[in-house]
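As structure tokens, here come the structures.
There are two complexes below, and they share chain A, which is joined by chain B in the first and by chain C in the second.
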Partner chain A sequence: MREYKPKDNVQAKAYYNDRFYVAPQLAKLDPNSDEIFGSDVSKLKANFEILEAYIQKDELVIFINYSKNVEVLKFLRDELNYSFLMEMSAVDFLAKRNGFEIFYEMLSLTKRKRIRVKTFLAKGLAIETVENLFRSANFAEREMFDMFGIQVNNHSFLKRIMMPDDWNGHPLLKTYPLQGDESAQWYEVDKIFGKEAREIIGPEIRDSARVDRYDTERFARLGHEVAKGTDISKSEPNTDNHQFQEKGGVFLVKNLNKSQKILTEQERRDR
Partner chain B sequence: MAQHQVKFGTGLPVALTTVDKIVNWGRSNSLWVLTYGLACCGIEMMASGASRYDFDRFGTIFRASPRQAEVMVIAGTLTKKHAEFIRRLYDQMAEPKWVISMGSCANTGGMFNTYATVQGADRVIPVDLYLPGCAPRPETLQYAVMMLQKKIRREPANQNKNIPQKRFI
Partner chain C sequence: MQQANRLRPFFENLAFDREDSQMIINFGPQHPSAHGQLRLILHLDGEQVVKANPDIGYLHRGMEKMAENMIYNEFLPTTDRMDYIASSSNNYGFALAVEKLLGIEEQVPRRAKIIRTMLLELNRIVSHEFWLATHALDVGAMSVFLYAFREREWALDLIEDYCGARLTHSAIRIGGVPLDLPDGWTGHLAGYLDKVERAVREDYEALLDENRIWKMRLENVGIIDQEMARSWGTSGIMLRGSGYHWDLRKEMPYEIYSELDFDIPVTDKCDSYGRYKLYMEEMRQSIKILRQLIPLYHQSEAKLMANVPQYISAPKEQIMTQNYSLMQHFVLVTQGMRPPVGEVYVATESPKGELGFYINSQGEPYPYRLKIRTPSFFHTGILQDLLPGHQLADVVTIIGSTNIVFGEVDR
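Coming up: the complex of A and B.
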């Protein structure tokens, strides 16, 4: 079940509006509290510089220098049996620390343990590819390049993987607007029809629940139907005239008489 | 189709009609659809074509080539990366051609109010019928095809859709 949170003050500001909000953190345990992780960390520390190491949610997290990522991952794969790179990507910390945090999630099938290798990469620097160690890193690094604009050295085919090749900007950056910048909003129009068609097609309608009473191009009012594109700002016709094929109604069914008095519940029962 | 009932037995077996009516009768009863499943609506479109809902009854047969199709059912989320290809396939279809926009995503972008989704397929190609739902059930698509048949029967047979229209289409 979801954790209970008091709802007394639902009008309180959302956390992202609060400058002084501190996001809650999970407890960080000492790596030596786990037998396997303790020995892993001691072996790693004998070979590499480990900036920080802790256990968070049953997963070992280690911080390394970005220049040592290939060596550390090779050591983890060959010596410590972390044979599987589940996932890798980056986190945007440009505003706070002017760089990215790149993480590699490793899994050991024999030890049944997971390690997260993290490294900080300052803005403008490039990271070495781990594609030669793990084939899965090929697409993951392309995605990282696509979404964050992080250059990967010696990658075999560093090309955008999700967005089109002529896309401007990197969408997973925190500065990227959710609904796209100008070039994103006009992307399909510019590409298919050219920039001169912008005026004709018009900007995107982002409110999908928008209803404009006077827009007869897109909307019609029941009972007041007009031809498409008619100007109804002055007045509109009333087309709410029911017509029946049979004048007197058909067998057992009477025509609706709107002018008839609406019956109360008691009258309806008495009938 | 026929304007006057054929009287068998007495007189010639002749049916009188107009060119518009007989052409539209033929067109509306053999709508070949370009398969265009882009997302989950595509599953409903496939279900419509399969035996339970059986589109063949309407003469609606799914074709995998735009050259052989005259109706395009945009079934699913249209991304901006894909927009140029949908326009290219639409241009490759022979006249006369119609477009059904199936589901909220193709109509307005739906819940994908993001940078990567085209906010309505009508920004790229002209749409004849908008089909609400997320995803619309096969009955809804059947109803849309029937409405399209009605629309075809109403319009003149020799209309040229290539004339420049108001919304850059």
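Coming up: the complex of A and C.
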């Protein structure tokens, strides 16, 4: 029987799994175990619905409703002195829970504490921008949109930031393969030569582990070059590095002559 | 024949069909003082910048995606390629994040901690020297480049003596360091510190501090007020240059920084010249830290890796003599360690600012999500608020004074 390979998560997976292994949990402490966090949580709870709050590794984690993100962050900034938004992004939980977890890393200089505000966003929903509170969200939200395709409402310039504007797919989704999907294979061919050149050129080899060593048409033999199109499937010519030269040589480039080198091997070693 | 989808040359550098005197120009992506692959789309009115729009992604290699497909130890050499000017600081940020996730940060031996701190501070000097060299070159002070690169080469020689690499060190591992310092290394380090201390005083500062051109081009250029610095989440010297007294080495200490005696230089000048002074002062403080570390190193016990066989391979001698250690080592290499389920965000003070690693682990040998918070990413974003109002010639100064590295911006 063929091995079952889930399509909703194509990332690398452990080859061997012990059936009886239960992964330990990082301890989640009660927020009241820390004086500052305890009072912060009680103030937050008085104003907003806090779904969950705990301390993990010296950092307070709170879960909120996704529609309240602007209000909570504004409250944290103005009332509780968490005035820096250091980072925000998302985690893909589409396969397990059909949505994303979005996190905001906040920092307070006066309290010397960090808070992580987390929210769950179901697939297809959009989140409100916090750009008006923290300008740093301008770039961070663009990156989140680029990498996950999460729409951000009222963002001033929601455009792809890392990938090209006409790229298909969102690379950090679990359904997106590491070497890129099919449209990634054709992206540069289409862009540079046009779609009609697809049959002549063929798809781009994006997986470096899948390079065909017998392919003498498409730069697959760097350092072991032979003339274009030579059939080497029967026997490989014993080519030294830098030995192959195009017919007639390259304009203004001298063919390397090893015997004319300035230093002999012995001299080079003695140096 | 024209094809609709084919890449065609077009004159995007100039907009001819506008009524006003505005011009849109591309700054980069191949501009020598863009410090990498930065494309700035500048709207100019005469020589004044009206609007700036940084376009990044030319060096995007998908490191976060790669991390999801690698075991933790496998990803460590990849972090070298982020801030390639000071790669040990990236190695360290990642190693510390994984150690916190595993809960073994207390079990890293003292000697390893001292060597790590030495590497971090040496990297800080290297990074600041590189910054000074390229920044001065951009502004037009060519000789500084030659002096700063001389000292940088000597520091790289020291790092090469230690780990064999000059640029991509991978000298810090999860759980400690792989090697002890070679014989006589601390002596060479002490000699180097004397040289670099002299160079800061007699070469860089003597050339630049009272230099009329340098002051004219840097003073009151690129003013980041407190509100802008806060709102953009700046860190490192960009933050301290705006009057915030905040350095993670002091405020949230890691490694052995809490034992060391050093100062955090702060200025409320908010301009490029103030930040230049901070860089010089930070180099002095790094020299001070390194001098304190040399005797501490000699007092410490020769132990380099944490003894946690569940996560970290046992020492070589044990692997070669004991069967169970060999088996554990084999499992760790082929399958990787399985950290607990949970998430951590660990930030360290890299030479550029706050370098944070967010790791979401689901108990698998591969991280479920790894987000790298790099300071340069936000320091690039701030350009869109910082550049308008400045002259075109100041753009180069401002990019230089933000100290962005594109390996880190695009990841």
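The rule is simple: the second predicted complex is superposed on the first by the 181 of 271 C-alpha atoms of A that agree within 3 Å, B and C clash if a C-alpha of one lies under 4 Å from a C-alpha of the other, contacts with A are read in each partner's own complex, and residues count from 1 in each chain.
By our rule, a residue touches a chain if its C-beta (ideal position, glycine included) is under 8 Å from a C-beta of that chain, and two chains touch if they have at least 3 such contacts.
Note that the structure is predicted; figures quoted are calculated from it, not measured.
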Of the two partner chains, chain B (first) and chain C (second), which one does A:192 touch, if any: first, second, both, or neither? both
After superposition on the shared chain, which partner residues are touched by A:81: those of chain B (first), chain C (second), both, or neither? neither
In the superposed arrangement, does A:184 touch chain B (first), chain C (second), both or neither? first
Would you check which partner chain A:201 touches, where first means chain B only, second means chain C only, and both and neither mean what they say? first
Thinking of the overlay built on chain A, is A:171 touched by chain B (first), by chain C (second), by both, or by neither? both
After lining up the shared chain so the two structures overlap, which partner does A:163 touch, if you call chain B first and chain C second: first, second, both or neither? both
Per the contact definition in the header, classify A:229: touching chain B only (first), chain C only (second), both, or neither. first
Counting residues of chain A in contact, which comes out ahead: chain B or chain C? C
So chain A touches chain B in one structure and chain C in the other; where do those two contact lists coincide? 162-164, 171, 176, 178, 191-193
Interfacial residue positions of chain A with respect to chain C in the complex: 11-16, 21, 23-26, 56-57, 59, 61, 83-87, 89, 91-92, 103, 105, 109, 112, 114, 116, 134-136, 138-140, 143, 147, 160-164, 171-172, 176, 178, 190-196
Okay, in this complex, where on chain A does chain B touch? 162-164, 171, 176-181, 184-185, 187-189, 191-193, 197, 200-201, 204-206, 208, 217, 229
Can you list the residues on chain C that touch chain A in the complex? 3, 5-7, 56-57, 60, 62, 64-66, 68-70, 100-101, 103, 228, 230-233, 235, 244, 246, 251-252, 334-336, 338, 340-345, 347, 354, 356, 358, 360, 362-366, 368-369, 371, 373, 377-378, 380-382, 384-385, 410
Partner chain A, residues of chain B touching it in the complex: 80-81, 83-84, 87, 104, 108-110, 113-116, 118-120, 123-124, 166-168
